[in-house]
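Letters A, B and C name the chains as they come in the text, with residue numbers starting at 1 for each one.
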Amino acid sequence: MGAGPGQQQTEPPPDPDGLAKMALASRARALLPGARSWGAVLARATTQRAMSHRVVVETDAAAGVAVMKLRNPPVNSLSLEMVTELVINLEKLENDRTVRGLIVTSESPGVFSSGLNLLDMYGRNPAHYAEYWKAVQELWLRLYQCPMVTVATINGACPAGGCLISMTCDYRIMADNSKYTIGLNETQLGIVAPFWFKDTLVNTIGHRASEMSLQLGLLYPPAEALRVGVVDMVVPEDQVHSTALSVMAQWLAIPDHARQLTKAMLRKPTVDNLVRQRDADIQQFVSFISRDSIQKGLQMYLQMLKQKKA
Amino acid sequence: MGAGPGQQQTEPPPDPDGLAKMALASRARALLPGARSWGAVLARATTQRAMSHRVVVETDAAAGVAVMKLRNPPVNSLSLEMVTELVINLEKLENDRTVRGLIVTSESPGVFSSGLNLLDMYGRNPAHYAEYWKAVQELWLRLYQCPMVTVATINGACPAGGCLISMTCDYRIMADNSKYTIGLNETQLGIVAPFWFKDTLVNTIGHRASEMSLQLGLLYPPAEALRVGVVDMVVPEDQVHSTALSVMAQWLAIPDHARQLTKAMLRKPTVDNLVRQRDADIQQFVSFISRDSIQKGLQMYLQMLKQKKA
Amino acid sequence: MGAGPGQQQTEPPPDPDGLAKMALASRARALLPGARSWGAVLARATTQRAMSHRVVVETDAAAGVAVMKLRNPPVNSLSLEMVTELVINLEKLENDRTVRGLIVTSESPGVFSSGLNLLDMYGRNPAHYAEYWKAVQELWLRLYQCPMVTVATINGACPAGGCLISMTCDYRIMADNSKYTIGLNETQLGIVAPFWFKDTLVNTIGHRASEMSLQLGLLYPPAEALRVGVVDMVVPEDQVHSTALSVMAQWLAIPDHARQLTKAMLRKPTVDNLVRQRDADIQQFVSFISRDSIQKGLQMYLQMLKQKKA
C-alpha cells in the first residue's frame, strides 16, 4: 500500500469491550432467532476473541482504500469463526467514511481461500449447520451489496466458497500461475452449490457457461478463467497488487453516490431472491447436509484429504 | 458403442402388452384431458405399434450410456407418432437405473431432424393441433429436465424443432460439414417460435444473439454455430460419435445426484415458465395455426417442397 | 435513399390542423393525467409547431424504408421538444403501411445524440421534470416495441440517451471514427441510469459487461463497442448508410408478421417492467433530480460545458 498505511488487525481492538459488543450485536443479529441465548453468544464470543487475527485489515486513509487479507492458515478455510470475522470487518469498514475502496486478498501462500469449512458441515448438529449457513448468507449479502468498490486479487487457489467471495467483488484480478484455479466445484464433492451461488455465477459468466461450469464443477486455470469471464484480468503474480491499485483508482474516479445506486440497482434482484427465502434456504441446507449419504461423502473426502497430508 | 451393446428397438417390446400399456398410460397422461376416450387411445396405439421403429435405442449397460437414434426417413420429421415414441423411449430410459448418459443422434443421412412436422400443423382439426402441441411440449419437458447426461451429436441439418431437441441437451457436438446448418428458422416460414423455444435459445446463446437469431430465422453453419454458442464443439464428421463418448465420460465422472440437482436448479425457472401456462400455450398454438393466413402460408411452403422433390 | 425519395419534414404537415390534432392527442396521452388541461396542451402545441424541424423523415416508399434524421443542433440534445417530435414521427410512421423499415441517424456532424437535455433536468419545477420523464419513457416504449425493422447508424458521438436510442434498434452500425464513442456514461455526471436503461443494456451486452459499463460510465470507441457488443458492426464512415440499406434488406426478407411477433415476445418482459411501474418511475426521477446535491452537480457540469465553449 506504499508508505504509511496503518495496519489494523481485527483483534485485539483498541477498546476490546466496545468492539466485542459491536461484534456480538452483529453476530447476534446474524443468528437464527432463538437459536441460542444472548448470554451464550456473549460467552462464546469472549472465547473467540482470543482466537482471532484471521482477518487483517490495512487502511490507507489518504487513498481511501483498505486491504482485507485472509489469514486462516493453512488454506483460508471459511470456518464459522472466519466468516464471522469477515462480516464484522466488513461492517466496520462500511461505517468508516474514509474508506471508499476495498481490496480482498490472501496472506496464505498459494491459496486465496479453499471455500466453506467442511468441518462446519460434517458431524455437527442441525443448530450448528443452521448457524453456519446463516453466517455464510450474511457474508455474501454484505459483500455482494458492499457500498465500497471491491476488487479481488486472486493470488492462489480459489475453489467453491473462495470463488464465491471473489465473484461478489466489482473486479477480479488473477495471478498468472498455472497452479491456481478458480470455480464452483461443489458437484465434484457430491454437494450442490445453492441457488444464490448459482445466481452470482450466472450474473458473472452467463447462463450457458454456468450450466457447464456448475454441473461439471469446473476449476479454471488463469487463461481459461479469463476466457470464460470468471475473472477480468490475469497478470504476473508480482503485479497483482499494483494492478489492483490502478484498477481501484479508475473506479474511485466515479462519484460514490451514483456508482453505489447503480450497483444496488444491478444486484438488488439477485439479493432479493435470497432475502425472500433466507430461512427456507437455511432449512434446506440443514436438511441436505444432514443426510446420511452426504455425511458419508464428506467423511470419505475428509479422510482422503488427511491421507494426502500424511 | 464398442463391443457388445444390445440393440434395443422401440417396438416390438419383449412383453408387447405390458410395454404397450405403459406407453399408453404415458401417452394418455400427455393428452388434453377429455380429448378422447381411453378406449380410443388403446385402439389407436395398437395400430401405431406396428408402424413403429422410428426411434432406435442402443444401450451399453457397462458404460451406462444409451444412444437414441432418430430414424424417421427421409428427414426425421417430428410427427405426432415420432414425438410420442421419443417420449416413450425417454420415459423407459429414465426408469432404467443402468443408464446414466444419453447420446441423441440421427440415423437418417444428412439430417439430424427437420423439426416439427408441417403435416401435423396443416389441414387438421383443432383437436389434432392441440394433441400435437401437447406432445411437443411433453418432449421438451422431458428432454430439458432429463436426469441423464444428454449429449447431442448433430450429424446433419438441424433446423427449428431439430435445433430445439439439440439445445435441450447438456452438450452439443456438430459435424464439420458446411452443408449442415442449425438454428430456429421459424420466421422464415412465416411462423413464430413459441416462448419456451425462445427461452431455451436465450439460455444457450444469450438475449442479444437470440434477438438476431430468432427474428432473422438464422441457420448457422458449423463454424458460426460454434462462434455464437449454439453448439459447443465442431469435429470432423467421422469423429462425432467418439467425441461424444469422451465428453460423456467427463460428465459421468461427476456424482449423478449432485449433477442432477444442479441441472434441475438451473433449468427449473424455464421449465416452470411453461408448466405454469401449458394449457394457454396450447390454446394459443391452436388459434395461431388455425388462422387462414398461416394455413395458406404453410400450404404454399408444402407445395414448394413438393415441387423441389419432383 | 437513391432516386425519388420524398423528403418529408415533421412540420409543417400537409394538413396542419389534422396532423397537429393527431400529434396533440398523442402528446396528451403521454402526459401525466391531470398535469395540465387539454386547452393548455393545444395552446402550447401550436407554438411548438412553428419551432419544429428537429426531426427529418425521408421515405423511400418503393423500398418501404424511412430514414429518420436527428437535427437538433449542435448536439441533437433530447430536449422535451425533440423527444416529443420523435414520438410524433414514430407514431406517424407506424401508421404508414408503406413503411416496413426505419433507419435512425443524425444530421448533426460528429454527434449522433448527446442524450437527455440537461436544461430539462436543471432549474425547472417538478411538473416539468415529470412531463419530461414521461416523454422520455414514451420515446423508449415506442422505439423498443417498434413494429418496423429499426437500424441505427451511429455517425457521431453517442453517449447516454443517444446510446439508449441506438440500443432500442434491431441493429447498430457504427462509423469507424476513433473520435466517436458510445455508452451509458451517466455515473460520470453523478447521475444514475434508470432501471429500464439498465435492462436495455443488459439485454444487449449481458449482465457482467453491464456492471462494468454502467458503474464506470464507460464510453467505448468503435472497436471496443463492437467487442463488448454494444454495436453490431463498425464500417468506414462513408459506408454507414449503404451498409444500413443492405442490412435492412436482409431483415425485410423476413415476413413482417412473424418477425414482429417474435420481437414483441423477446422484448415484452422488459417493456412490462416499465409499464407496470411507470408512474413510480416518474416520481422517483422527479424526486432524485430535485435533490440539492444533484442540482448542484448539474449546475457545475453545465458551467464546465459553457467554459469549454468559451
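Please note the rule applied: a residue touches a chain if its C-beta (ideal position, glycine included) is under 8 Å from a C-beta of that chain, and two chains touch if they have at least 3 such contacts.
Just so we're clear, the structure is a prediction, and the values are computed from it rather than from any experiment.
> Any idea if subunit B and subunit C meet via the same residues, over half in common, or different ones?
Different residues, largely: of all residue numbers at this interface, under half are found in both copies.
> Rotating subunit A so that its CA atoms sit on those of subunit B: what angle is that, to a multiple of 5 degrees?
Subunit A sits rotated relative to subunit B by 120 degrees.
> On a C-alpha centroid basis, what's the spacing between subunit B and subunit C, in Å?
42
> Which residues does subunit C have that touch at least 2 chains other than itself?
206
> Hey, which residues of subunit B end up touching subunit C in the complex?
For this pair, the touching residues of subunit B are 186-193, 195, 198, 206-208, 210-212, 214-217, 293, 297.
> Mind pulling up the subunit C residues that touch subunit B in the complex?
170-171, 202-206, 229, 232, 250-251, 254-255, 257-259, 261-263, 265-266
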